[in-house]
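So that you can tell them apart, the chains are marked A, B, C and D in the order they are listed, and the count of residues begins at 1 in each.
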Amino acid sequence: MNHLTEDILTNVITIRPDNSHKGTFGRAILFGGNKQYGGAIMMSAEACINSGAGLTTVITAEKNHAPLHARLPEAMVADFSDTELVADLVKSANVILIGPGLGLSVTVLSILKQLLKAQQENQWFIIDGSAITLFASHQLTLKYPEKVVFTPHQMEWQRLSGLEIADQTPENNLEKQKELGATIVLKSHRTEIYDGEQIWHNTVGDAAMATGGMGDTLAGMVAGFIAQFGGSSETIGAAVYLHSKIGDDLAAEHYVVLPTSISHEISRYMKKYATNERKES
Amino acid sequence: MNHLTEDILTNVITIRPDNSHKGTFGRAILFGGNKQYGGAIMMSAEACINSGAGLTTVITAEKNHAPLHARLPEAMVADFSDTELVADLVKSANVILIGPGLGLSVTVLSILKQLLKAQQENQWFIIDGSAITLFASHQLTLKYPEKVVFTPHQMEWQRLSGLEIADQTPENNLEKQKELGATIVLKSHRTEIYDGEQIWHNTVGDAAMATGGMGDTLAGMVAGFIAQFGGSSETIGAAVYLHSKIGDDLAAEHYVVLPTSISHEISRYMKKYATNERKES
Amino acid sequence: MNHLTEDILTNVITIRPDNSHKGTFGRAILFGGNKQYGGAIMMSAEACINSGAGLTTVITAEKNHAPLHARLPEAMVADFSDTELVADLVKSANVILIGPGLGLSVTVLSILKQLLKAQQENQWFIIDGSAITLFASHQLTLKYPEKVVFTPHQMEWQRLSGLEIADQTPENNLEKQKELGATIVLKSHRTEIYDGEQIWHNTVGDAAMATGGMGDTLAGMVAGFIAQFGGSSETIGAAVYLHSKIGDDLAAEHYVVLPTSISHEISRYMKKYATNERKES
Amino acid sequence: MNHLTEDILTNVITIRPDNSHKGTFGRAILFGGNKQYGGAIMMSAEACINSGAGLTTVITAEKNHAPLHARLPEAMVADFSDTELVADLVKSANVILIGPGLGLSVTVLSILKQLLKAQQENQWFIIDGSAITLFASHQLTLKYPEKVVFTPHQMEWQRLSGLEIADQTPENNLEKQKELGATIVLKSHRTEIYDGEQIWHNTVGDAAMATGGMGDTLAGMVAGFIAQFGGSSETIGAAVYLHSKIGDDLAAEHYVVLPTSISHEISRYMKKYATNERKES
């Protein structure tokens, strides 16, 4: 079992090349936020953009556009129902996050199915929250599982893997993860990442982070990191570690750490760990 | 008569257990905010979430969803009129705040009646603002009064108790509170808490806090504290004391203390007073 | 001619009495903000509430409610068209500001006429912006001119007084002001106040304050000060002076001073100047 | 080839005259923000107002008004479809920015054509983003090209000039710019300005600025600078240089520099460089 430490940040977060533009740092699509849980996708967007994704579009219920823009004019928006536009956006993205605050409606299920079908070989998918529940309960399948990350908490992992929480041992989890083929970020007070070869064990995180929206923020960071640094266990591990590292540091002064307060720190932390040159791809 | 002092904070605010998740810290429902007074429930939500409630849903008029989310994506939302959803949410909550900015309409009365009927034995209710007025003027009754807190100011207490402000002596208040059976947080420049056994007397607070929304913020803090620490006179007293303590400290530098500026400090203050381990329940 | 100096602040801004509540510090109604100029009344509200008015209600076009609440949940709101509610609100206010961002439509004229007719002897009116233009062009009249403040800039004063800007000498202004009977706050880079007896001359202010919304902020401060300290030339002078004093101080570090940045400082400044006890009225 | 350095700031940014009012510092109209890209014009507005433009009106899709006001009540708003109002606003402006987040719809093309036809001899136009693409693909023409600035990135310049990116040498660019007659701000990691006589070469800027919205912020700064300081290569160069200078400084602490974080610093930076008296015009 590998332990996530600060090394993962210096490995993954590279110095940006001088001759670059916003396209260099990826195009992220964030899919989520129904009429009840709109805040979730706003938090994902805040995390993704502050992580440095070049261009971020949030596809969410129309009612969420105004509050998202009031917080974050850097995001672009589209409505779920604008299917033609959505299809175009999805085509040009290199990372797509699906799930924060999406809910479990029939419409959402249909969107999820279409998205899974539309995955291209060069695109990473992150499947989070209710999209995991829908995926599990409808036995959906993946086109490129090696380019998919699931970010379940323990109950969602039970639905996805069939393993009761008590049975979620590293060995059992690894076996189930291999069946799925996708990377699993299993969230708990000490998050673990299963990537088909090894298990990455997070060493930081604090109970002050146990509040609604923390997972949405993590999912947005994973999207932002993949958009820039490419998909890999190391990239995902860096996002997981940094999310908890910032939370830990803020918990030194706060009884509860709000998810949005993590996003406000991401860019400063990344700067500190960016020591190596980025390899041009 | 007991005096609320800093001791109540160290007694109530415990160190969070490592092995915890957002569900560990409670589910709060905040009911309020009509088309005129939407800001009230936003301020309650800001106080509740910054106090550390695990999951907070605000049930309010649709027009309030966008500004609430612009300030606080950490909250979930529902509309009053979505009765099926509301019924589901209420079932799973462990604390329900009813009243900030709710107004006095017939619809609101009907919602209040339904909520009072739906109270479960393990749920705490906080009844604030116009919900107190409606409760008093329609002689409504409580299912589990020992799990109910009323937070009246002096005029609302007159409506609820029948006591003219001039007659609101500790003895008279205690007698009326015992008839009601619920805990009374009687707000004034020196707030008192009546809990059926004793009277808790707040020792802090400043005239700089005399501005619209201060009570909504207090109600949100009471909800957040009960969500995490369980309902009791001590828990309620800790919320009352901390609210005024922060106000006092901010008043050293401000002529008027805005309610939202109190919410921004809650988490830092709680951290300072969290010294004992939380007993696992 | 009197010069406004820091003395006016220590004279007007009194220490709040311990035994007080939000009602002690006044009820302000702010009337303004059509579909094009909604920001104006938001800035007035921000100034009024940060000045310490006890209860502030903003009557503005419905579309402005959400952004106002996103910035300032401390405000209550109503729509122009809700005439019954508006009439009730106006009755209970002790200060009413009319004009910021109101525009010149026929509806607005009709509202202005109704408001002027509804003035009670104990209510102060502040007439600003387009409400001044409408007042002048329709030869409207005042019920209690001694309880009215106009806050024109030079062009609006020309419309109201008939004096060309070149002819706006202190003597001419004073004569015209006496005819009107209301207090005039004549805004320029060195604002003057005409109160029927004397002329108050502002000694501070900076060209960095010459940006849209600065007058709306001043009008909100005048409303907030009258709400708490009662209407008088001194109260109005204190608001005028403090507005410019903060602007001057911010201009030491800023090329342009945004109106909202003034509002964020009001409460701190008032604290510094609050040295005398408030006389109970 | 001239290099933009700090000198351009001290040359252009003059001390404001004491006897001034908001009209002294110009009237800017910002045209942009459709239903998908509303954040773009919000970022332009934030940059323009923080640069010190006296009066700024944003003409954008109705859905963008609320989030804009939630961030920036200092702006005035109008909807594209309110053609009479828009025509009035355009007449009285001294600088008009067209393009950020405007999109490529038929309606937008028609608006662009009308605006170009409406240009007055004393008005500067800044044409940005999709308005450049529309201008190029429909072979539109300019009435007063010497009072127009285009702000293309390299791909937009290809559309406008017909030069493939590989062929965009200084010599070729200068030749094409002379044909157009307008000033070209060619954005890249080292932005260049072509003004018909010379080429200005930016010496600052950082890859941390390569994120969506950075160009919208620059366009807003150019508008704000022209509104106050008059249109000229020097004015445009000062805006370009300051934008990158702030970005550079923020990049010392941030891995990614959000566009809005640049706007928050503009006024402080301008204060530092304002050393000469403004010549009264």
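One rule holds for everything that comes next: a contact is a pair of C-beta atoms (placed from the backbone, for glycine too) under 8 Å apart; a residue touches a chain by one contact, two chains touch by 3 or more.
None of these values were measured; they are calculated from a predicted model.
Participant: From the centre of chain C, which chain's CA centre is farthest?
Facilitator: That would be chain A.
Participant: How many angstrom lie between the CA centroids of chain A and chain C, rounded to a whole number?
Facilitator: 49
Participant: Quick one: chain A and chain B, Cα centre-to-centre, how many Å?
Facilitator: Averaging C-alpha atoms per chain gives centres 35 Å apart.
Participant: Specify, in ascending order, the residues of chain B that touch 2 or more different other chains.
Facilitator: 66-68, 70
Participant: If you connect every pair of chains that touch, what shape comes out? Choose line, ring, star, complete or other.
Facilitator: complete
Participant: Which residues of chain A touch chain B once you look at their complex with the stated criterion?
Facilitator: 35-40, 42-43, 46, 63-64, 66-68, 70-71, 153, 188-189, 207-208, 210-214, 251, 253-260
Participant: Using the touch definition up top, name the residues of chain D that touch chain B in the complex.
Facilitator: Residue positions touching the partner: 66-67, 70.
Participant: Spell out the residues on chain D that touch chain C in their complex, using ranges where they run on.
Facilitator: Its residues touching chain C are 13, 16-22, 24-25, 49-56, 65-70, 72-78, 85, 266-271, 274.
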